[in-house]
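The structures considered in this document are given below.
After this come two complexes, each holding subunit A, first together with subunit B and then together with subunit C.
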Partner chain A sequence: MDLIYPYLALVVAASVILVAKFRTGPKGFAEAGPIAAVGAALAFGLCILQWGKAATPTTGFHGFLLIDRLGVLASALACLAGAVTAVLLPHHLQRAGKDRAEVYVLLLLVIAGMMAMVQTDHLVGAFVGLETLSVGLYALSAALRERRASVEAGLKYFLTGAFASGILVFGLALVYGAAGSFSLPVIEAKLVESSGLALAGILLLLVGFGFKLSAVPFHMWAPDVYEGAPTPITGFMSTAVKVVAATALLRVLDATPAFSGQIVEAVGWLAVLTVTVGNLSALAQHSVKRMLAYSSIGHAGYLFLAFAAFLATPDTAGFSAPLAAVMHYLIAYTITNLGAFAVLSALETADGRGLTFADLGGLKSRSPVLAFTLLIMMLSLASVPLTAGFLAKWNVFAVLVERARSSEGPFFWVLLVALILNSVIGLAYYLRVISAMYMRPAPEPLPATSPVSKVVMAVCILLVIAVIWLGAGPNVLGMGADGLFSIARAAAG
Partner chain B sequence: MANDPKAYLVVSVLLFAIGMAGFLIRKNLLIVFLSVELMLNAGALAILVFARLYGDTDGHVFFFLILALAAAESAVGLSMVIALYRLRHKLDTDDLVELRG
Partner chain C sequence: MGTALSLIPLALLAGAALNGFFSLWSARGRSVSRTLVHVVACAAPLFAFAMAIQVWRGLGEAGGRITTQWFEWIAVGDLRIGLDLTADALTCVMLLVITGIGSLIHIYSTAYMHEEEGFARYFSALNLFTFFMTILVLGKNLAVLFVGWEGVGLCSYLLIGYWWKDSEKATAGMKAFVVNRVGDFGFLIALFLLWRTAGTLDFAGIQAYATSEAGRATLLGPSGILGASVATLIGLLLFWGATGKSAQIPLYVWLPDAMAGPTPVSALIHAATMVTAGVYMVARLNFLYALSPVAQGTIMVVAGVTSLFAGVMALAQTDIKKVLAYSTISQIGYMMLGVGTGYVAAGMFHVVTHAFFKAALFLGSGSVIHACHHEQDMRHMGGLRKKMPWTCAAMTLSAAAMAGVPPLSGFFSKDEILWRAFSHGTMAGKIGWLCGFLGALLTAFYMFRLIFMTFGGSYRGHAHPHEVPKPMWMTQGALALGAAIVGFLGVPHILGGHDIFGHYLAPIIPDFAQPHAAHGEHAIAVEWSLMAWSVVMGLAGISAAWWAYVKKPELPGRVTAKIPKLHALVRDKFRVDEAYTATVVRPTESLARQVVLRGVDQGLIEGIVNGLGSVARLLGRVLSFGQTGLLRGYVGIMILGALLLLLSVLG
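Presenting the complex of A and B:
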């Protein structure tokens, strides 16, 4: 029973909002946002409390629930992203005049789906979790249903997402056909040697997860959806979904070591394509939000580089350095990207027009706090030293160097070169944001922004502190630059 | 013949291929949506075949979950199609041009 306390926090908060909404009628009520934020924050705290016990994995609910450190870490990140989103949403929705309580209900249930997806080693459980989060997110993207862009984003996300689900189901069917079970430990025991049926299934699963993680060439929906969806929801999608999809994919790849050798090159080339296309397209954008969408595709590419190293590392029971690198990257990326989208959401105008680089002009004097937050987040995304993003990318770099030196052939050197070149390209467009804020004059006339609440400001400042602390800070309570390494290692162990 | 799992698998692969082709080729939103459902059900059929083959109940349970999921997806998807129709009075994928760059 104590295994599902975080789920209970989320579901109870969602139910409270639903019941209260029945009493207040179709108009939203102001408490929905705070209730959702508290519910998600509570779930985050309960996940943290599970961390100690999760060192020895426990199963429950007839093998559907598995509490281990990997799942607890990913769940905690999803809850954190959800809590920040619930803080940002009221400001965004009220500005559009559409503060709907059901948005928060959906958000909380999506987080529960995310946790269900990562806290299981049963493919049926993972799939149900994935669909719970996907169906909720389709509706959340279209939450501002009076806006064409929002509805279009929702529909595009829905069509590609459902297509990906169809591919995933067929992949699951083929893996099931080869192994005779949906349970990952059983699959690992049964699939000791490669077979065509299982390989086809795993490739289909890879394509399905590629859609969810917006890997090139399965990324075409991502820029449109990220641009059209309400900005806080975009921040949530680009962080939490990547965290849980990457974690679930790692679990699948971990359970099929017999196929690692056959798919490592495919994953590697997918990674090279994803970082390159993501970063090059980001260079050419005028809208800041769309630029961040392509940047998040690029970051998915860095994750896939670590996946390739993971697949090439011989299967040793226990600790895996590439897995730790992926988790470290996910933590840093989640905090950083949430901060960037928090600022974007605070700066947008009521008409829902996307921010351009020119709109950021003179931000340093208009709103020093927001400008500084965005500055730190851009530096972290560009992985400049002293930020969390730097250590995370350094970690990916280190595992790739390790692989390149111990494997024959130039394959991992190619991946390494892709990583370095793309980091340089990334610097170019992240610095463009900074130069717009600090060196350009304010646009004439000034965009009509609405005042930002103190809570949003506080969240921005907290995220800045987190990014710097996790990048260069001393160890306090087991967290800090060093502490993050040990947490990622513990999750991978 | 009636118990030959291969025949059912061939049907499911065909269904999957038809669904995928429909998704990629057709322009009407409703038909695209229908094609996706076809793909989902092709997977579900394959799972049922394997579940019969192994005598495993997990597959049967999963089949029902997929059915429920398909229904949930239709509900959300169709409501978005209606929202789009209210704004545009057209249901063609070529009209989804608000977002590009």
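Presenting the complex of A and C:
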């Protein structure tokens, strides 16, 4: 029972909101946002409490639930992203004249789906979790249903997502056909030799999860959906969904070592394609929100680079350095991107404008806190030293160098060059944001932003502190630049 | 002693924080006393200077090295990086220059920035810069050095773009930042390789590794890349980083643009301190470069060619600060040439002398610009000799020092470098020497061209120049005086001196005891004749400048009219910026715009790229083409990708 406390926190909070909404009727329920934020934060805290025990994996619910450190870490990140989103949403919805309690219910249930997806080593369990979160997200993307772009985003996400799910299920079927089980430990034991059937299944799973991670060429939906969806939801999708999809994909890849050698090059080339397309497209954007959509494609590419290193690393006892690099990257990227989207959602006007580079002009004097938050987040995304983003990318760089030195042929050197070149390109568009805020004059007329609540400001400041602390801070209570390494390694152990 | 060491950066950080607070305070519309800001801004570096003297005096007692540990920054497995500070002879030299000359420039700034808004922000950034610079030289390991390295770059960016309302200046700041990042990638890779090889980033640890049998063997062993040894690879990558920070070929292009910042900033950051960080780094790791003749040769050739090439570009500039900028690039070339020979005291000595005369020249040019109401074009100056006698005297003395007129400081430091390069016994050394030797002629010529155009003849502008306030001419005078006498610290043995500076740095130079024994008895004769020749070159340059700009002022016009194309090429700085734009910047931009945006985005998702801003247009298209048409494209690409993936792996 104690295995599912975090789920209970989420579901109870969702039920409270639903019931209260029934009672208040059409005049809205203003407390929905705070309740959802508290529920998600509580679930986050409960996940943290599970961390110690999760050192020895426990299974429950007929093998559908697995509590290990990898799953707990990914769940905690999803809860954190959900809590921040629940704080940002009220400001956003109210400004658009909406007060939708059901949005928060969906958000909480999506988080529960995410946790179900990563806290299992059963492929059907993972699939159920994936569908729960996907269906919820389709609706959340369309939450501002008066705004055409939002509805369009929801519809596009749904239609393309349905295809991706179909591919994923087909992959599951093929793997089941080859191994006779959906349980990953059984699959690992059965599939000791490579077979065409299972290989095709794994590749289709790669496509299905790659869709959620917005890997090129399965990314076409991402820019439109990210741009059309309500800004806090975009922040949530670009962080939490990536965390859980990457974790689930890692579990699959970890359970099929017999196929690693055959798919490593394909994963590597997907990574190169993804970083390059993501970064080059981001360079050409006028809207900061859309730029961040492409930037998140670029960051998915960095994750795939680490996946390639993971596949090429021989399975040994102890922790896997590439796996630790992926988890470290996910933590840093989640905190950073949440901060960036917190600022964007605060700056967006009631009709969804105010997010072009020109609109950011002179932000440093209009709102020093928001400008500074975005500055730090951009530096972290650009992986400038002393930020969390730097250590994260440094890790990916380190595992690639390790592979390049110990493997034959130039393949990993190519990946390394792709990483370095794209980091330089990335710098260009992240610095453009900083330059717009700090060096360009304010636009005429000023975008009609509404005042930002103290809570949102506080979240911004906390995220700034987190990014700097996790990038350069000493350890306090086991967290800090150094503590993050240990946590990522423990999750990868 | 450790306390004094910690207090140096901490005092500067406190100054930056206080002034940053004042800056926020005044941004809220509250008035802040100018005097208070000035006192805080100048007290911080002066206090740090006093502490640096303490450290310098206590160094001998402490056995040549003082260390203090702040806290452990990163500790993972075998990687341990502490925020540790250390000072040895080399650090002390840099510390005294940074805090000493830094203090003078802070004092000068109080008068120079008198009329500017946001002075608290300016001084905050200036203090912060000095803080990062001390961190850079105090770092006990390469990671801390890198923190300082990035920090000074950031402050330089802030200070170049100080007048950020002017977009040209903001762009100059951005350019400096981006070009430096190109260098940083080389630097970072080198750090990583070094850690992989030596297992530590600590200077002492790397030195112990490089001198141990096993470490030496690994470093001299093949790296697997282009047949280079590991030491060569690391050395060249580090030098790649240094070409960015220290403005050497091919990454020098940011420095002339950086002149857009306030002139005291140019004096402190772009002449005396930050740009010498690359020289310091090579000097600090001299034991590593000693293992790689290839890396040393590369440094000498690149540095020599830079010194000559930048000297040529300085000839045709008419903006007084641009002349000084190219001259700085050229002089850093000499410093690099000096440390590239392996006898790092030669290069470091030039760092010190250059800090004096170039800071004096920059401050002097700042005074001239100040007096001429922000006029920077030397064609609209002239005749300032009578109107600004102190500035004229200080600048002429510094220019003479830089031109190598004996017995001023530049004479001793430049000759030491040229002699060491000449007697290095390699082809690279000879090339470096030849470039530096010819560069000496150019140096004398363009410096005195500047002096004669600014102070000689009669005034050609429309302002009413007058001598600058006391804090300004006194600080530049003090620096010029320093430029005149600091050379006596390094009087070579053949002139009856003791080379005090060289002996002071001896503990950090491994092969100090037997410098270039190969030359034997000829050495003294060679040294004498090299010295005589470079004095001749210097005097020839000065005479030529006098001839062309005082005696026959119409001569330069006639000469340039005869070679219009060559002159235009030099005046346009060999169009290197344009070449970079055409080969690097534009292709990247157009790849982004043409291929990805048009090809992938617009080609497939016509019109939607403009996103929310054009919902109406989007709807029109959706109605005419149909929503499914667009989505079919998305899904089609996805299926195609999946099929390709399957075929490539299964097929």
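The criterion applied here is as follows: the second predicted complex is superposed on the first by the 489 of 493 C-alpha atoms of A that agree within 3 Å, B and C clash if a C-alpha of one lies under 4 Å from a C-alpha of the other, contacts with A are read in each partner's own complex, and residues count from 1 in each chain.
As a working rule, a residue touches a chain if its C-beta (ideal position, glycine included) is under 8 Å from a C-beta of that chain, and two chains touch if they have at least 3 such contacts.
The structure presented is a predicted model; accordingly, all values stated were derived computationally and were not measured.
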{"item": "Subunit B versus subunit C as contact partner of A:167, first or second or both or neither", "value": "both"}
{"item": "First, second, both or neither for A:149, with subunit B first and subunit C second", "value": "both"}
{"item": "Which superposed partner A:228 touches (first subunit B, second subunit C, both, neither)", "value": "both"}
{"item": "First (subunit B), second (subunit C), both or neither touched by A:359", "value": "neither"}
{"item": "Contacts of A:139 with subunit B and subunit C, given as first, second, both or neither", "value": "first"}
{"item": "Partner chain(s) touched by A:159 [first = subunit B, second = subunit C, both, neither]", "value": "both"}
{"item": "Touching partner for A:435 - first (subunit B), second (subunit C), both, neither", "value": "second"}
{"item": "Subunit C versus subunit B, contacts on subunit A by residue", "value": "C"}
{"item": "Which of subunit B and subunit C A:181 touches, first, second, both or neither", "value": "first"}
{"item": "Touched partner set for A:254, first subunit B, second subunit C, both or neither", "value": "neither"}
{"item": "Common ground on subunit A, meaning residues reached by subunit C in one complex and by subunit B in the other", "value": "148-149, 152, 155-156, 159, 163, 167, 223-224, 227-228, 286-287, 290"}
{"item": "Partner subunit B, residues of subunit A touching it in the complex", "value": "124, 127-128, 131, 135, 138-139, 142, 145-146, 148-149, 151-156, 158-159, 162-163, 165-170, 172-174, 176-177, 180-182, 223-224, 227-228, 285-287, 290"}
{"item": "List of subunit B residues in touch with subunit A within their complex", "value": "12, 16, 19-20, 23, 29, 32-33, 36, 39-40, 42-44, 46-47, 49-51, 53-54, 56, 58-59, 61-62, 65-66, 69, 72-73, 76-77, 79-81, 83-84, 87-88, 96, 98-101"}
{"item": "In the complex, subunit C residues that touch subunit A", "value": "27, 71-76, 146-147, 150, 161, 164-165, 167, 170, 173-174, 177-178, 181-182, 185, 189, 192, 196, 588-589, 591-593, 595-597, 600-601, 604-605, 608-613, 615, 618-619, 622, 627, 631, 633-635, 637-642, 645-646, 648-650"}
{"item": "Subunit C-facing residues of subunit A, complex", "value": "148-149, 152, 155-156, 159-160, 163-164, 167, 196, 199-200, 203-204, 206-207, 211, 216-218, 220-221, 223-224, 227-228, 262-263, 266, 270, 277, 280-281, 283-284, 286-287, 290, 352-353, 356, 365, 384-386, 391, 397-398, 401, 405, 420, 423-425, 427-428, 431, 435, 438-441, 472, 474, 481-482, 485-486, 489"}
